[in-house]
Structures are given as structure tokens and as C-alpha cells.
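Chain naming follows the written order as A, B, C and D, and within any one chain the residues start at number 1.
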Amino acid sequence: MDWGRVKFFLGEVVRSFTRNKGMQATAIGTVTVTIVLIGSFLIAQASLANVGTQLMRQIEISAYLKDGLSSTTTKNLIAHVKADPRVLSVDYIPKKQGLAELAARTKGSLDLSILTENPLPDKLRIQVRDTAMIPAVAASVHALAGVADVKYGAKVVTRFLQLTNVLHRVALVILGLFVLVAGVIIANTIRLTVFARRREIAIMQLVGATDGAIRLPFIVEGVLSGLLGSLIAIVILAIAHMLLWNRLASALPWVPLNGAAIRPLVLGAQLLGAGALIGAIASWLSVGRYLRT
Amino acid sequence: MLRKNPFPSMISLRNVSLAYPNGVHALDNVSLEIGKGEFVFLVGHSGTGKTSLLRLLYREIAPHSGEITVDGVRVDKISASRVPILRRRLGVVFQDYKLLVDKTVWENVAFAMQVTGAHTKDILRQVPRALDLVGLAHKSRMYPGELSGGEQQKTAIARALVNNPKLLLCDEPTGNLDPGATTEIMELLGRINIKGTTVMVATHNQGVVDRMRRRVVRMENGRIIADEERGFYHRGLGESQVLSG
Amino acid sequence: MDWGRVKFFLGEVVRSFTRNKGMQATAIGTVTVTIVLIGSFLIAQASLANVGTQLMRQIEISAYLKDGLSSTTTKNLIAHVKADPRVLSVDYIPKKQGLAELAARTKGSLDLSILTENPLPDKLRIQVRDTAMIPAVAASVHALAGVADVKYGAKVVTRFLQLTNVLHRVALVILGLFVLVAGVIIANTIRLTVFARRREIAIMQLVGATDGAIRLPFIVEGVLSGLLGSLIAIVILAIAHMLLWNRLASALPWVPLNGAAIRPLVLGAQLLGAGALIGAIASWLSVGRYLRT
Amino acid sequence: MLRKNPFPSMISLRNVSLAYPNGVHALDNVSLEIGKGEFVFLVGHSGTGKTSLLRLLYREIAPHSGEITVDGVRVDKISASRVPILRRRLGVVFQDYKLLVDKTVWENVAFAMQVTGAHTKDILRQVPRALDLVGLAHKSRMYPGELSGGEQQKTAIARALVNNPKLLLCDEPTGNLDPGATTEIMELLGRINIKGTTVMVATHNQGVVDRMRRRVVRMENGRIIADEERGFYHRGLGESQVLSG
């Protein structure tokens, strides 16, 4: 191991970092911006992933039972519904309890005291594991003997399913766009950096440097820019997270933001890796263009 | 008719023609033999093809047709990956110096050794020696942009010498040097030549050529029109003129 | 007017456009990407602006009247509520109609045939112009003599207001971020373009060119890059709009996307202007850096 | 002791000193008077300050101390906005040519006129004439990267001449030219001088200086050590030696 050679090599890298500060700042800034965008996106996705599902937990299926079922039949029915793997919970609400609930809910708008008889049927309140399964579960429950009718917020469920479907696709498109934009911009930046040094590259070749030897400092430089850029981005994201998360959580108290879904170390490592990779690939490709003379 | 040569061949061009992409025919059926250990001046008007001929030898460009052999290597057929290896065995003083602007004088010279994979202790010994030979040791920490024209030229010369190449190609190496420095550099080239290096110098400096009386290859319009032992800058004054090719 | 001079100047611009194709492509590509982002954002904003409000039109205030009001009192009450400028419409729903509606709505789950008496009070159904005013209108209606109780989807309204509030801010932040990113990236790109030509600029100065004369071709070039970039962006946006709009509209039939809010000519002109301005400013600043020697 | 001068002053340096940012003292208390219509050679070793002196005259750099007047303009005090106006009145052949790489020969020469706001018909008349004078008319459509070293130098000369400047500064204008071309260029400079242009040539070309026998200003280590009428390249052979400053 010839330490002089290592020193020379490191010197190369340090030199171009320090002699071309403006260009380095440009490349690093671009990586920073890119990683901030991608990072925000990933954080938003992770913390919002369950919001829809959790908001929709409230939606449940009401199965109205036929009048006068024996308690055994009712029990069997409940057990049968519970056995369905898609079902999360089943509550049996006898007509008496239903009336009490209704009275509480409609207090002021509906005078239930005038009732001489209970107008409600017995009912099963069914919660499903996944909102998407509501229609199917409702249909199979409806088919059971002893069930008179099944109701659920059909409109709300359909809309929710449509919305999550569309949002999912939009999110994918946006992420794809970001990665594309990031790729294009960083490649361009580094290409210009190399372009500005094409004369140097040509001279190195004329003096007998191999393509690999010319490439290596550029790539190390690209990786360093990438790492530095993503490091800055991570700091920015952390600060923004600190400042905004609580304000967001208190502005939207009913949105079950999932803070725990964000694993800072994993995310940080991913973003650093992404930055380094972007830098390396961009350098590799950019230098390549000017090596063929 | 090929010039008889007492030395084994270092450079051999056979019927070499070169046309640039813009259509200029820079070399036209050039043949030339230069033996190991020779000292050759290349003279001729501006734009006559001297630089083009040298660029063929270190394979900056490839000929249109013809064969080129440098130190046993068929330069016209060499693969791209072997070009760096060829260039490391040569020392070249470029007409426009081609210094790396963000390296100091010392680093520019050292770079030529570093690319060969030289050991650091050799670099630390050789670089100062080369800078000393051209008289630039005191400017070794300066960048090319901080040098005078002549100092840049001396840096380029030091870089060409530092690897002790077997073949030294110098393209107008003294165009920006004063007569004193020119003489010193030429004497230096002479000493290097005596130690066994083949030296080829493209120059317009009549005084130098006429004083040194070495082999002179004269070009005109992309052709070699004269090749004289112990020649002068101007035609027909030298001994044993033999047209090659 | 010396046409030769104009020709010379245009020649300058055309030359650097054609001689530095790679760099031009870079600058143009960056503008394109930026304008596509900004354009998508503007389109999304314009077409989604009223979605919330329109969805929330469905929310209405129910004012339950005291029993046994005279028809004159009721009329006066209705007229009084209608006079409120915040109120869009008022429907009077007598208890009979209310029961019929309830029966229709709860068919299967509630057996209303057993009723001997109508349990419902008379009711006013009030629509408000702006969702944000629902709580205030509800309060003032409640204060009126003859009104027993007032109900509205309080939870839904609060959440909606919180959500639009947050989304509005997020949208502003994102737009700001985009513009910032665009500015940084384009300035960087052009700075590198100029950096790669700093030697040329120095030579022009040495030959006696004024700063203005050196700047002009760069700025015209910047404007051209900007225009070309936004033109490409506009084409991309138009194609994307064509391909996606109908699919989106049919995927989310209940979302009242406001296609008419997008005025293609105005938006196009705005984006072209933005591109040109970005190009001009970026060039101006970038060249300036290298004029001070 | 100031040299007595029969001409009204074109260039006047008084006690000019120059230090570069890196600490090199390039000029040390230099005083020099050059009259309108004179022809002056500037000679001296490499790195002695010739280029630095010329750079002061067209205000590429400002002196550390001292006064500089060029054609009545106090160049050391000139405002940044008036620098272009000064430069347009001068013709400069730079030691490293400084050609615009993405303009053709023709365009490089024309550019020097265009910046002065010249009329197109004047440009169309003058540019070909200038290219003809240096013998480069046939290469006017080529780019600098497609030229030989000497052809680039000729382009630089043509550009300096094209505006018929009152003062022509040439920094080693023949370093890459063959003796024939060198003589032609020098004769050209002589003819231009006779028509009234003040000409100042920094050069290492001993032959040219000795043949032309013009005023020779000799520098060493940033100082003017000799100033001779009808001088030679080497010291003390000329007439009426007068140390200026």
C-alpha cells in the first residue's frame, strides 16, 4: 500500500471540492432539494398510510334480523358471522337497546315518548377488517337465513374506495415524477460540472491517464456530494418535522397521523443511500460522455 | 526510397495520410523512419502538418491511411484501452502546453508520474529534479494562471521529461523562451538524447536548428520534402540529403 | 438601423444555441420540468377549488320548531330566516312530510307502521351559502322564538373546516417550495452554463465588449430557453390533461371537478411568461457573477 | 532621469509597481515614456514582467502604485465602465492568443469591430483586409480548434489590426511563426507604424530585434534596466542608451 498514492487520490478529490466550490454547492443543493422532496413524500406516505383505514373503521354493517328468532338461532347466526375471517367484530343489539340509542341520538328532533311499541328490529352491528370488504361481507350476511335486511353507508364506502384508489395512483405518479426529476436534474448538474472540466479531462488522457483513473475522483466526488446533499436534506426534514408535526396533529386532531410509522434511522439511511447512489450514477454517466474523444 | 538508418527503428510511418473532419488534408502520403536514439528537427511553414504528424504518434488522432509504428507498437491499430499505456512511455511537450489549470506546477509534473502508478518516493525525487532542469524549482507551488508564458512552457517541458521517456516529442518547445533559456533547454534535450532518448523537435527557431546541426526533416503542405543529416533550417545546405518515401 | 448588426446579434444567439446543444437541452429540460410541476399544481388547484364547498352543500341545518305554532308565526319565522344574507334557501317541512321522508329513509330498519301518532316536530331545512358559516347561522336561528332545537353535522363541519384550512396552507407551502426549487435549479443550470463559458466572457471583455453587450445574448438565450421549456411543458400538460381528465372524472364521479375553471389560454400565457422571466432573471444574475473580474 | 522624447506622449508610466495577489512582485518602480508613433521592442528573460507591463496598459490589472497614462487617459484611475472604451482604441495581440473558440477566424476578427459598434459595410471591408495582411484569408471559415499554432497566432494578429488602432500592443506575436512569416509580420508592423500607429512588441526573437534596429526597452526582475535607440537584443550594443526612471 503506497500511502502517497492514497494521499494523492484524496488530494484530487479535496481539490476539486474546494477549487470548484460554486459547482459543488450547486450539485449538493440539487441533491438536497431532491432528497427533501422525496423525504417529505415518504414521511407523508408513511404517516398517512392508515388514516383512511382508521377513519373508515367507523363504518359498519347493520344487519336487521327477522322478528321472533329464537335465541339459539340468533346465537348461531352471530357465531356464523364471527367465523368469517374478514369480520373484525359483531355486536348484538336487541331492539330495546336500539331504541334507547335512537332516543339518545335523536333527542330534540324526534319525540319517542309517544311510542307505544318498539318499532325497531333486532340488529347485528358488524365491523369489518378492511373497508374494501364491506360490500362482499354485507352481501354474504344478507344471504343468511334469519337476516331481514342489511344496510351500510354504501355511498360513503364506494366513494372512499374510489378515492383511495385514485389517491394511491396519484401518489405513485408523483413519486415517479420526483425520482425522474431528481435524476434529470442531478445528471444535468453533474454533466455541466464535467462539461466545465472537459479540457482537463482531455489533458489527463493525453498525459496517459486511464479512463478509470479519470473517472474515480469524479465518482467519489459525486458520492460525497450526494451524501452531503442528503445529510443537509435530512437535517432540514428533521427540523421541519419537529416544527410542524405537533401543529399539524393539533390542527387536525381527528386525523390519526401515524407518527410511529416513521422510523428515523431507517429513513435516514435510505435517504443517505439514495443520495450517494444518485451522485455515483450521475458522475459515472456524465464523465463517460467526455471520455470518448 | 527509404532513408538508410544505422539505428533500430523507434518511429516508422509508411504512406501515412491524414484528413481532418473539416476536409483539410493535413498529411499526404508521409513516410519516415526514425531510429532509436536519434535527434530530429521537424521544420516547415505554419500549418504544414508538423503538429498533426506528432499527434499521430501519441495517437491523439488516427491516420486516414498508412501504417504507424512507435517503439514496436502499431499505433494506427492500437485499441483504445492501450492508448494510455503508449502515452506513458512517451514524453510530449504540447505546442499549447496543455497544463491542468487547477494543479500547481509541482502537481502538473507529478501528475504525469502518478498516472503511471509511480511510487511516491520516486515522485518526490524525480519531480524536483525535472523542475530544476528547466529552472522552475522556485515556482513549483504556483498555478499555471500565475505563470508567465515562458514559465508555463518550462512546466510543460518538465512534465514531458519527468518520466525519463524513451521518446520525447517536443512541439515548438521554445516559442516563448528567451534565447538564453532556449539554448539551455536545447542543450538539455541534447544531453537527454545522448543518454539514449529519441528526441523529435518541431520548431521554427532557425538559430537553434542551424547551431545544433542535427537531422532535419522538412515538411511542406503535408508532405516531407527534405530529410537531411546535419541539416540547416533552410533547405539544401545540409549533408547527405535523402528524400524519404 | 444597421441590419448587419441585428444579424450579427441573432447569429450570436443562434450560435450558442446550436454550438452548446447539450447545455441548452439541460436548461430547457429543467425549465420544462419546473413548469410541468407548477402547471399541474395550478390546474389541480383550479379544478379542485370548489370541490370541498360543493361536497359540503349537502350539509344543512335542521331547525326543529316548537309544537303548535300558528301558521302566521311560522311564516314570519321562515321569512326572518330567509332574510339572513348568509342563508341560501329555507324549506319548511311539516311533521307529516318529515315522517314520510323518515319512513322512506329507514325502510327495513324501522317499522313506522306501528306509530299511532307522529313523533316528529315541524322542521326548517336551511342551506347556507358557505360551509364556514354553518355554526354562526345555526346559533342565530336557535336564538329565534319558536325554534325548539337546531341540529347540524357539527362534527363533519368542524372537521371539514379544519381540513380545508390545513390543506390550504399545505398547498401554499408546496407551491412556494416548487417556485423556490425551480428558481434554485434554473439559476444553477444557467450559472453552470455561464461558468463553462467564463473564459469566453473574459476574452470578450479584453477585446472591449461592454458588460451589457456580453449580457444581452445570454439573456436572450435565457428567455428563449425559458420560452421553449415552457412551451414543451404546456404541450406535455395538454396531452396529460387530455389523457387523464376523463379517466379521473369517471373514476371519481361524485367529485365535482371544475374543468371550466381552467382557462387554457390564460394558463398557457402565464406559464410562458413564467418560463421567460425565469430564464431572463437567471441569465442576468449568472452572467453578472463572471463580469466582475 | 527621463528619456527625452521627440514625440508627444502615447504611453507614460511613472513609478509603477505591481504585486500579484499571490505575493509576486511583478513590476518594481517602473517609469517609461513612449511617444506617439514610436516603435518599441520590450525584451527580457521569461517571467521578468513584460506581459505584466502590457496588461497594465489595457487595464487587465491595476497597478499597486504609480501613475499610468495611455493616450491621455489615466488608466490607473479609470472607472470600470470606461475600460471597454479604452480597450477598443487599442489593438492587443495576447501571448496566449485568447481566441473565442466557438467563433470562426472571420468572426473572431469581426468581433473586435462589432464591439465598437462599427457599421456592417466597414466590417465587411476591413475583416478580409486584415486576414489578407496576415495571410489567413483562406482559413476564415475555420474555428480556432481547427488551426495550427501559427495560424491561431495570425488570427490574433489580424484581430489586433482590424480596428486600425492608434496603439498596438503585441506580446510575443511570432513565437509560433516560421522565420518567413515572422519577417512578413514584422514588416507589416513596420508599415503600420509608418502610417502613424504606435507599436510596442514584447519578444524573445533576437533575430527580429537585431535586424530591425528599433528602440529596445530591456527589463529584468520587474525593472527596466536599459532603454536604447536603435538597440540590439543583447545589451549595450545600441546607440544613445538612456536609463529611464
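As a convention for this text, contacts are C-beta pairs under 8 Å (C-beta built on N, C-alpha and C of every residue); 3 or more make two chains touch, one makes a residue touch a chain.
As the structure is a computational prediction, the values presented were derived from the model and not from experiment.
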item	value
If a chain touches subunit B and subunit C alike, it appears here	A, D
Identity of the chain that, by mean CA position, is farthest from subunit A	D
Cα-centroid distance, subunit C relative to subunit D, in whole angstrom	64
Gap in Å, rounded to a whole number, between the CA centres of subunit C and subunit A	23
Distance between the centres, which are taken as Cα means, of subunit D and subunit B, whole angstrom	30
Subunit A, residues touching no fewer than two other chains	none
Overlap residues in subunit B, where contacts from two or more other chains coincide	none
Arrangement of touching chains [line / ring / star / complete / other]	ring
All touching chain pairs, where touch follows the definition stated at the start	A-B, A-C, B-D, C-D
Subunit D residues touching subunit C - in the complex, by the definition given at the top	58, 60, 81, 83-88, 92, 94, 98-103, 110-112, 114-117, 119-121, 123-124, 159
Complex interface listing, subunit A residues touching subunit B	2-5, 7-8, 15-16, 19-20, 200, 203-211, 213
Interface residues, subunit C side, partner subunit A - complex	22-23, 26, 29-30, 33, 37, 62, 64, 108-112, 114-117, 119-121, 123, 148-149, 151, 159, 162-163, 165-166, 177, 181, 184-185, 188-189, 191-193, 195-196, 248, 251-254
Of all residues in subunit B, those that touch subunit D in their complex	20, 22, 24, 43-48, 50-51, 95-96, 139, 142, 146-151, 153-154, 171-172, 175-182, 204, 206-207, 233
